[in-house]
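Letters A, B, C, D and E name the chains as they come in the text, with residue numbers starting at 1 for each one.
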Amino acid sequence: MAIARLDDISLTIGSVPILRRVELELSEGERLGIAGPNGVGKTTLLMVLASLLPPTGGQGSVLGAALGTPDVLAIRPSIGLSGHDPALYDQLTLAENLDHVARLAGVASGAVDVVLDQVGLAEAADRKAAACSEGMRRRTDLARLLLIRPRLVLLDEAHAGLDADARIIVDEIGRRAVADGGAVVTVTHDADALRSQADRVVTMTGGMVRS
Amino acid sequence: MAIARLDDISLTIGSVPILRRVELELSEGERLGIAGPNGVGKTTLLMVLASLLPPTGGQGSVLGAALGTPDVLAIRPSIGLSGHDPALYDQLTLAENLDHVARLAGVASGAVDVVLDQVGLAEAADRKAAACSEGMRRRTDLARLLLIRPRLVLLDEAHAGLDADARIIVDEIGRRAVADGGAVVTVTHDADALRSQADRVVTMTGGMVRS
Amino acid sequence: MSFWGQVIEFARRDLVAERRTGEVVAIVMPFGAVALMTLPFALTIDSALLSRVGPAMFWVVSLLFAMQIALRHSAADRPEHRAMLSLLGIDPFARLIGRAASSSLLVGLFMAVMFPLMVVFYSPDLPPGWPSALLPAALAALGLSLVGTLAAEVTAGLSGRTMLAPLIVAPLAIPLLVGGSQALESLPDNGGILPWTLLVAATDLALAVAGAVVARPLEEAAR
Amino acid sequence: MSFWGQVIEFARRDLVAERRTGEVVAIVMPFGAVALMTLPFALTIDSALLSRVGPAMFWVVSLLFAMQIALRHSAADRPEHRAMLSLLGIDPFARLIGRAASSSLLVGLFMAVMFPLMVVFYSPDLPPGWPSALLPAALAALGLSLVGTLAAEVTAGLSGRTMLAPLIVAPLAIPLLVGGSQALESLPDNGGILPWTLLVAATDLALAVAGAVVARPLEEAAR
Amino acid sequence: MTKIQVMLGLAAVALAGGLVLALNAPIDALQGEFSRIMHLHVPASWLAFLAFGVTAVASIMWRIRRTRAWDRRAAASAEIGVLFTALSLATGSLWGGAVWGTYWDWADPRIATTALMFFVYLGYLALRSASPDAESAAARSSILGIIAVVQVPLVYFSVNMFRSLHQGQSIRPDGATMPGGMLVAMLVNVGVFTLVYFALLAARTDVMRQEEAARALEPAAGEAVRPPRFDEVPDV
């Protein structure tokens, strides 16, 4: 079964066309890389794949649910997204942030300590998110994906701000999703990361996807 | 003359030590790279070099002004900093943002169009910053440095989020500062960027600097 | 996680953040007290007049600050938070109710502190049996929090939509104000309190229903 | 760039942002109108009482909302903005004055809209010659903006600042409140308006001086 | 026993002694027993002034020296000042209820200005706790600590500037206006409260110092971050 299929998808915000006639297929166990210049629509495409932005034209389905229909509500918990900005609450500590996610996702709360240790932040667990460095915040955002183990992982510049050691976190997230029969989509400007993280790379130009 | 000299500098934020006994010298025309793991204090060190965070211990001078004294007010306009988050006002367009900077810096306002064109955003000049992609925002932040041509350029992960073509913007900023007899300090986790952007690389560990 | 589990988790999260920042207890409450003090300063000192307007001023301050509490910074979601919560499969109505619950607690606390201050500052003539106006007041606190939380949901995301916030707040808050303040005024005539209590309760219910209906569409729109 | 050039540039930038977002016109003003309306709703309809408190209520609402205008989102600087402006060698006092200038315009507009609304809702007995109270009112608008801008600087970057800021500067605004409201009250006795106008003007001046003194230390502190 | 424990002990004993003295001092003919509130109200008011004065001085010293100790003094003194102001407001209000027949009167400028001062210093404390770290708290609050102290003379002289219920100062160059025994008891209580103030100040600054010292022993902030490890940390 295909994890995701976009067929002639287009997206217009206001009256500005952002995505045009996007065709894309993502199969189980696939690690897809998306490259393309700044402002071409990569982040927007990930939001469509996450079912968070309904397309304004064309047909698409993700994990069996048709995009733009209420069916997507059921499959959303199987999607994990890490975007340009880490989704952290500044006043809460790193552990509290992940604990909130664990409770809402119904994950055993012991897992929080484990993933924090895995990403190398065990000793910073009780630091407020606002008092953490950019890279620490990004590691915590990735720890969230380790916590909920989504089938479809969408990574938007997940390597930015990570030090050389921490890049294996991204590899590990991808490895797990693939092992669970899911898929990973990696958007990045980092050629090395694209090589190591993707089996297939597509390039976007002018709001369209080229293989 | 040294552009900057830090002698046994330490910095404590709310009794938590962040920087310890930092020694650093930066001479004219030098391109210094700073590497180090997440959370080690690289961003903090740049803020000290920018004279924005007075050190809590040790002696330092930047462009001839002693850190932590009112002398720094005079040399600040010669320092350019591009940080983790672009300094843009979301409600203003890209051109308006740069125009604001140009007026405050006393640069001819015709220069705004020139630098926007140079960073490849001439056609997006009238888009609100909030409606721009991450990379477009970062390019605009770099365009600001092209506009004011500071002698001391401090770049914090300036390569993150830029596409392959846009990386030459960073090179160009460095080239100009060096040509003007200034210096560039580049903080990055990107090994390629460090190679191409720096003549000398130091590594930070545990809040200290190692050559 | 069950619906009520989510509600509790959101309320808990907000209260943890409040404990961390002390935004309501340490900041909003003292400012509320200062706001109560402004009218006497602006008025030519006239204690008869003050004691007449005291209870009304209490409601004005309660309304304004209930909105500030519901819209407070530590309970605000950025777009990346909203995306994350959507993908966790959260029921947006559960979030709304959880938020409103934590805000009600804080608004209730706020009103509980402002009332005695109002009594000291304005020395109003409270009718005997005024404690029975507590129920409508508590219901009004709940309602004001619901209004504020709804307004916060509507204002999240697109900036153009923010105009809607005051437009929904005004008509929704007026019945609460009228009910809450008239409950006290009507106390002297026996049994007069019941209709006003019912008015406030009915408004609360209507607000909850409105929340249930609009929560999902609002979530999809706020992106 | 010269000091006054900087002042003008900051005021201009804020007004452009306001035109873009319509924050004051579309959000603060409707809320202000709601706040003015709540008192008549909360009071048993008693027009004699209403007409007595109307002007005072106008000043209370002006004070509270002037703070919100000065602290409005579109005029808030994030840490990266502050770093950028510091490195441009901006005189922080110029920024403060520029900010206060743009806020004064908006606060003046706010008060100009609230006053007729107050007259409609409360039908106060305005003494003949009330238009001459316009000067102290305008001076008070300026002062309230200065207070609010100072407050915004002290609390830059803190969570909960929309309430924290007015709390710590409230006493600075009290003379403006007293002067502004007493100017109107004192109109019937001839010449009574002058001392109150002077009180407001003197407060404005004191605030400007305070701003000049604390602008630089505040800039260094807000990091 | 530490020096601070001794001071606190002495303060407690003195407080008890002051209370005994207050209960045995002569009373005002008109006010009767209520006039004994004075022995609480007046010292609390004066010590509040002193506390805010110390906050201002310590704030100035911090701006010159930039040492943590001055910031701790400023903050601790403000906390105690808020406590004493609350006591003054509470006792004053009770007293007023008994002898003026009203707990609160806006016509009395000292009451109004005291209440404002109380909230401003609450704001001072809120500003500190809202700041992300001690350095930033010190930088912001030192400015407020210096400015806010202008309220002290305003509150003090407000009785003279406007007509009020409050009577003027009892201790004036031209001699006291109350019976000698009463005055002595009151002055003794002022002394007692001064002792209490300094004991509390020492205790509070010490607690703050210990909290900060505990944090300073931690490794540098960056050492809390380690390379990720997946092999060593098993999944749940």
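Here, a residue touches a chain if its C-beta (ideal position, glycine included) is under 8 Å from a C-beta of that chain, and two chains touch if they have at least 3 such contacts.
Because the structure is predicted, anything quoted here is derived from the model rather than measured.
Any chain bridging chain C and chain E, meaning touching each of them, is among A, D; the list is complete. Looking at chain C and chain D, the chains that touch each of them are E. Path length between chain A and chain D in the touching-chain graph (shortest route): 2. Relative to chain A, the most remote chain by averaged C-alpha coordinates is E.
Contact counts per chain pair peak at C-D. Put simply, the C-alpha centre of chain B and that of chain E have 45 angstrom between them. For the pair chain A and chain B, the distance between mean C-alpha positions equals 29 Å. Per-chain CA centroids place chain A at a distance of 37 Å from chain C. Touching two or more other chains at once are residues 21, 27, 30-31, 34, 41, 74 of chain C.
Residue positions of chain A with contacts to 2 or more other chains are 91, 124, 133, 135-136, 139, 165-166.
Shown for chain E are the residues in touch with two or more other chains, namely 116, 119, 122-123, 126, 130, 132-133, 136, 223-225, 227. Here the touching chains pair up as A-B, A-C, A-E, B-D, B-E, C-D, C-E, D-E. If you check the complex, the residues on chain B that touch chain A are 36-39, 43, 84, 124, 131-136, 139, 157, 160-166, 189-192. Remark: chain E residues 132-133, 223-230, 233-236 touch chain A in the complex. In the complex of the two chains, the chain B residues touching chain E come out as 12-20, 36-41, 56, 204-207. Those residues of chain C whose C-beta lies close enough to touch chain A in the complex are 1, 5-6, 9, 13, 16-17, 20-21, 74, 78, 80-81, 83-90, 220, 223.
Of all residues in chain C, those touching chain E in their complex are 21-22, 26-27, 30-31, 33-34, 37, 40-41, 45, 47, 50, 120-121, 123.
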